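One chain, subunit A, links the two complexes that follow: it is found with subunit B in the first and with subunit C in the second.
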Partner chain A sequence: MSGGTILEIHGLNKHFGPTYANRNIDFTLRRGEVRGLIGENGSGKSTLLSQIAGLYRPDSGEMLVNGGKYDPHSPLDANAHGISMVMQELGVIGSLPAGVNVFLGRTGQFAKGGIVDLREMNRAAAAVFEKWGLRMPPLNRLTENMIIEDRKMIELARALSIEPEILLLDEVTQSLSLNNRNSLYELIARYRDMDRSVIVITHDIEEMIRITDTITVLRDGQVVGEVVSAETDPDQIRMMMVGRQISGDYYRDDTTPDCDGETVLSVRDLSVPGELEDVSFDVHAGEILGFCGLSDAGIHSIGKAVYGLIRGSGTVHFLPTDVNITSAPQALANHIGYVPKDRDREALLIHASIRDNAVLPSVEELRAAAGLLPPGRVNSMAEGIRSRFSVKSTGIAQTTDALSGGNKQKINLGRWLAKDLRLLILDCPTRGVDVGVKAAIYALMKEAKKNGIAIILISDELTEVLGMADRLLVMKDGRVTKEIRRDEDFTEQSVIGVMI
Partner chain B sequence: MKTDKKAAKLRMSELVPFIAFVVLLVFFSIGTGGKMLSSYSLKMLIEQSILTIISGCGVLFVVAQGSIDLSVGVNVALSGVIAMHVAQSTGVGWLMIPVALLIGLFMGLLNGVIVSKCHVPSFTLSIAMLIGVRGIVNYIQTIIGVEYVPASMLFITSSGFRIAAFVVIAAIMAYLFEFTKLGRYSRAIGENETTARFVGVPVDRMKILVFALSGLMAGCGALFSMATVGGTTQTMGVFLEMKVAMSIFFGGVLVTGGSSAKFYKIILGSLSITIIVYGLSLMGMSDSHISQSVEGGLLLLILFMTIVSNRKKKARGETAAPAPGETPPAEQT
Partner chain C sequence: MPTTANGRRARTLKNWQFDLIFAAAIVLVLLLFHLISGGSFLEWSNVKGILSRSAYPSFIAWGFCFLFACGYTDMSIGGVVVLGSFASCIFGNWYGLPGVILGGLLVGLCLIFINFLIFTYSGIPSWIAGISLAMIYEALAFLLKISKGTKALISTSLDKEYRVLGQLPWCFILLLIGLVVVYFLYNRTTVGLNIRALGGSRDVAEKLGINAKKTLLFVGLISGILVGVSCVLQQSYAGQTTVKTGLTSINMIFQPLAIYLLAQIIRERINIVICVPICAFILYSIFNLLTMLGVPSGTLQEACLGAFIVIFGIVGSRKVRGVVK
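Let's look at the complex of A and B:
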């Protein structure tokens, strides 16, 4: 990180309506530097990156790349200046195969007599994946049928395919499981060695300190400070982000496992071809049972299988009502809740109102005589969820697409906690939310635990599972390989050792 | 304020169908020199709309789920023709009511099971039905010919009875659509089927249910159709599915269904469509070629508007300006 300046920003402003997203930003990036951008949701990190990447144009201020004026009109224009970005929200086109998505907008270079040579293009795409050590999804498959992680890999390959001098990564790691995260870290390190620069946004403060050289902290659209990663600690950054001291103990502080309550769920010999093999476990009232594993380990399938969304052999026995769960409607009727990983595609009706989303799992409970769902009761329930979980919004009639990730997740989780649940399945509940909302979600989990709800916590964040779970099941290739209790060897090292 | 503007724009798009209705009414009132507002015309207008609404209010549930049922027209014909024949040949007049409803229901169930269990797109299936069943109806009619409402059932042909029956049925259907689980789940399925499934909505059952309901209402529509004309005709239910679809979309429901589906929209839409068709014939353009091409043009216009507003809606979801205090767009998760 001794190189000269590659990117300079002076006095940059950007506002949306009356809200300033970026105010008077000054920013300098050197060659071979890995810079972190951190701040709460809404602090303007993504807006800043989007302007560098040519998605938005600044209202005022100037940008210089290699000393020359830089005013990109489009992402392709930015590419021409050696800058490319992987966005937080998915930027692949579902109806196109993976290979085409890698060269989106640039397929012309593979044209022969007006026809794109797909084989040649896929070969080039494969070369990109291989060069950077990224896990390659099947290139001929449509991306709409892929999991988030694979789609993210495609976007990453697309950004890398132009060999950028500056690579912008907006919340990429949060969609990845541990092994793919590690390949990303290696990639970033290689970038540094090649004397190229990276700007990273991540909500995970520990991760950021580990992988960056310097960190810029943003608050309310302004730069509030710049620190050298090697000389800082999470508490200092957290304090800079929110502007006040916040207690760092949002995880549990005890080390006693609490798994002696009555058994709520008993899973025996659960197998789903290609996903799960002979999985057996029990969950008890008031217990948080954590699941972790690498990307193909099958942890996400556990949630789906328990909630009856995928079926195989074996039994999922729910004891309070003594039934075997075989379908999602049945799980819903039996006071089980499920918060899936992909918030926008699997959990919320994104274009519908907060009200419609909030009451969706409680329609049965709202029913009065003659099947009536009384509008008064519907409204007061939605209003209750909105205020109890402090969802920042203009009202229950607002559509959820305008809300931030954290507020969407509050609705997503809150609507289940508003029910009389016995078992709650959480799949990556804090994906893409800032520290404030994260802390709120952990507090809600502790409260639910105290109320005797059994919780299955599936997460790609190892620290989260270690911080919250009573017991931890480590999975590999669809099997449970190890069980660790909170009072045993409950550390990252011991878990990672089993995961790989 | 950006949010106010956005809200205003939203309200604006909700208002378009109302404005279209008023403009059409004024246009044809002037164009026909006031004939449009005569009591006879208004009665015709209402009776024509009633038939479309009754046959189409089941389709509204299907559209809310993001599917389409284009088989209502032939279903009206099939259930009407058979019901009337049963009533005539047995001499038991009232039998026409249960028979029409049961045949309608059966056809709807068949559609629903095929769509949900065999994963055939509803558009393709109902087009196939539209063609295939029409053939069967024509074949039956070449054998039994046109039949008239039996004397014992003539009371259904009085417009007073029909309007009263319409009000009761429409009220029940509006209630079902707006205030019950069936309506709420249907809109949720149209918004995002995956989400509905993941929450635990019995999606397959809901699909079968709404197609069955659509069929049942087609059977009901058959009774209204025969009550209006006095019996079966060779052209029974012809083009009715298009009128129904046009009414729903012209009323402001998006082809993708979801929250945009509201019960009042089919009423508003069918009134607008009827005004156009009836107004054109009053203006002396009763020549069916002209009125048909106008209807075709309208359908195109509606589809175009729906696609454009859909695209806008999508764009809004992806790059909407944030509300004050919210995150900028790129940061929305």
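Let's look at the complex of A and C:
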């Protein structure tokens, strides 16, 4: 953080209908500074970044870039001023190849005589990935077939392709596994060294303190404080965020593994070509079995394969009903629940109501004679989930896309916990949720564990699996390489040593 | 070789292997048709007929590629083809070949462009607006047919000497030119990429600076030209066009739609623009064989077509082992 001021914001206001998203924001960013923006879901962080990036126009207030008036009308306008953003929601076009997505909106620069030189464009895209040390997906492949992490990498490459002076990152790390996350940290450090600036939003407080120089805390759309990262601690940040003391110990504080209960699931020699190889494990009632690994380790395929979404060889034996799970309907009928990583694309009907989403896995239980769904039962169940899990919304008729990430996840998880489950598969359950919702999710997991539900917890966040799991299976290249129990060497160092 | 969801390699067919198998399968099917038909299917005169017949719907199917890529549909295309074919016939009989070309092309272009102006600026869902426009175009064609001033013009067939574009080699040459132009437009131009981006996610496309309205008008322009060419080819091939009423003009888009659907099924492996004429040829080969076998044209042949699409869809959409979508 060496240079002068690059971005100044004075008295910025933005409201949506009667709700103030940003109120009287004053903000200054210096050259070479990495600034963190933190706050609960709905505190106005993304709205502030969106205004800087030209996605929204402020209602009032002033922005200055390098001392000159800055009033971007569009993201392209912001790009022209050296500002680009990687958005929280996915922003790639599935029907176009990765290389085209990197330069979408600017493909004209590769056109000769009206024809776009795709090879030249792919070369330029590859150069961006290479320059910034990002893992490059196949550039000719359509992005609709890519995992969320690869799509995030494409968005990052797109933002970097304009060589911005200010890079805005809205909850990017949550989509990435450890190795790609480390690449991003290195990128941020390089940016700082190049005397360029970064504004980062992340819900991982420890991560934010580690990678930023300063942190601005927002609450209810207002700036409530600014701290120097090296001089603060997670508890101080949490208190500033929510306005009250929140203990950092929302993980389990015991070291006793709970894996002696009745075996609920027995997986033997599970192989999916290119994804999993000879994976075997048991899960017991009341146990949280964690899975961790690098991005290509195959941990996310475990959840899909156990739930019957992808098929391979080997057996997934569900012991309480003595059946081999081969399909998702069969898994659902046998009291197994699955919360996938990609909330918006794989879990929720994003344009449907809270009611429809909440009751979807329970339609069989709610069904009355002649297959009719009694509205009373449906509404009552949806209302129950909404109130039990404190979903901030106008009512069960509200569409899910209008909710914050945390509240979406409450529905996503809550609809399963409202069922009589024997096994729950959670794939990155706290991705993109704030500290308050995170604490609530961990509390729900502890409650489910107490009630004898077996849980498979797949996570890209090591601290999460270490904090919650009874046993941890470390994966590499589709295989389980090590099993660690909670009462053994249950530390980040020992796990990372096996992962890499 | 495709990568899996984990980013690792899976054992799948390579593109050239797939192309080879696909080409071999088509040849085998054609030979089978030849055998079934008692040796008359692959006679040059028969193949010529199939090729000539494939040209007109291929252009409409290419139009669908652009329409569907940007997330729109247009149910009035059949009505436009009727009016465009009339124009092609009338102007052809007045001014010769230039009249055939300009009449169909201009009417197709103008009407589809008007459609897109309505879709873009009215906010009415395109399929609803399209049905309304189909009714208007059908009524217009009917009025032309019964009006004293135009009745005779409509009833007259296009003079035989101006029908060359509907016959070989011209229809084939037009098809090749169309293939090259559409291929580059769809895959290798900024406007083509923008159209596909718009269909993928209008929200994301607009955030990336793509002007949605301008892009949609380009779709109207491109589709209009393609439909215009198909009007010219339709009139040149048949020489006469029947007036459609009661929304029966929509039937006219079913065969091009079937071609588009077939092409869509294998687009992951072969570019959809290239698939279109291949699928048109396959489709009309099937119709041709069924006719040779004495299957009555109309409902029964269309039932066979439906069954063929379902079978093709099942085979074509089978997941390649190890690839997770």
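Just so we're on the same page, the second predicted complex is superposed on the first by the 500 of 500 C-alpha atoms of A that agree within 3 Å, B and C clash if a C-alpha of one lies under 4 Å from a C-alpha of the other, contacts with A are read in each partner's own complex, and residues count from 1 in each chain.
Keep this in mind: contacts are C-beta pairs under 8 Å (C-beta built on N, C-alpha and C of every residue); 3 or more make two chains touch, one makes a residue touch a chain.
Only a predicted model underlies this, so the values are computations on that prediction, with no experimental measurement involved.
Q: With the two complexes overlaid on their shared chain, look at subunit A and say whether subunit B and subunit C clash or fit.
A: When both complexes are placed onto subunit A, subunit B and subunit C end up clashing with one another.
Q: So in the superposed three-chain picture, is A:L403 touching just subunit B, just subunit C, both, or none of them (first/second/both/neither)?
A: In the superposed model, A:L403 contacts subunit B only, not subunit C.
Q: Under the stated touch criterion, which partner chain does A:R345 make contact with: subunit B (first), subunit C (second), both, or neither?
A: first
Q: So, does A:A443 touch the first partner subunit B, the second partner subunit C, both, or neither?
A: neither
Q: Of the partners subunit B and subunit C, which touch A:L55 in the superposed model: first, second, both, neither?
A: In the superposed model, A:L55 contacts both subunit B and subunit C.
Q: Can A:A80 be said to touch subunit B (first), subunit C (second), both, or neither?
A: In the superposed model, A:A80 contacts neither subunit B nor subunit C.
Q: With both complexes overlaid on chain A, does A:G274 touch subunit B (first), subunit C (second), both or neither?
A: Second partner only.
Q: Scan A:R367 for contacts with subunit B and subunit C and give back first, second, both or neither.
A: first
Q: Please determine whether it is subunit B or subunit C that touches the greater number of subunit A residues.
A: Between subunit B and subunit C, the winner on subunit A residue contacts is B.
Q: Between subunit B (first) and subunit C (second), which does A:A189 come into contact with in this model arrangement: first, second, both, or neither?
A: In the superposed model, A:A189 contacts neither subunit B nor subunit C.
Q: Check whether A:V433 is in contact with subunit B, with subunit C, with both or with neither, and answer first, second, both or neither.
A: First partner only.
Q: In the combined picture, which part of subunit C sits where subunit B already is, 58-66, 184-192 or 292-300?
A: It is 292-300; the other listed stretches have no clashes.
Q: Overlap of the subunit B and subunit C footprints on subunit A, residue-wise?
A: Common to the two interfaces on subunit A: residues 55, 87.
Q: Which part of subunit C faces subunit A closely enough to touch in the complex?
A: 2-11, 69, 184, 187-190, 193-194, 196-197, 199-201, 204-205, 207-210, 321-325
Q: So in the complex, the part of subunit A that touches subunit C is made up of which residues?
A: Interface residues on subunit A, with respect to subunit C: 55, 74-76, 87, 91-96, 100, 104-108, 111, 114-116, 118, 135, 137-138, 141, 144-145, 147, 150, 272-275, 295-298, 300-301, 304, 310, 477-478.
Q: Which bits of subunit B are touching subunit A when the two form their complex?
A: 1-3, 175-176, 179-182, 184-185, 187-188, 191-192, 194-202, 205, 258-259, 313, 316-318, 320-333
Q: What does subunit A use to touch subunit B in their complex?
A: 16-19, 21, 41-42, 44-47, 49-50, 55-56, 87-89, 170-171, 307-309, 327-333, 338, 340, 343-353, 356, 359-361, 363-364, 367, 371-375, 392-394, 398, 401-409, 431-433
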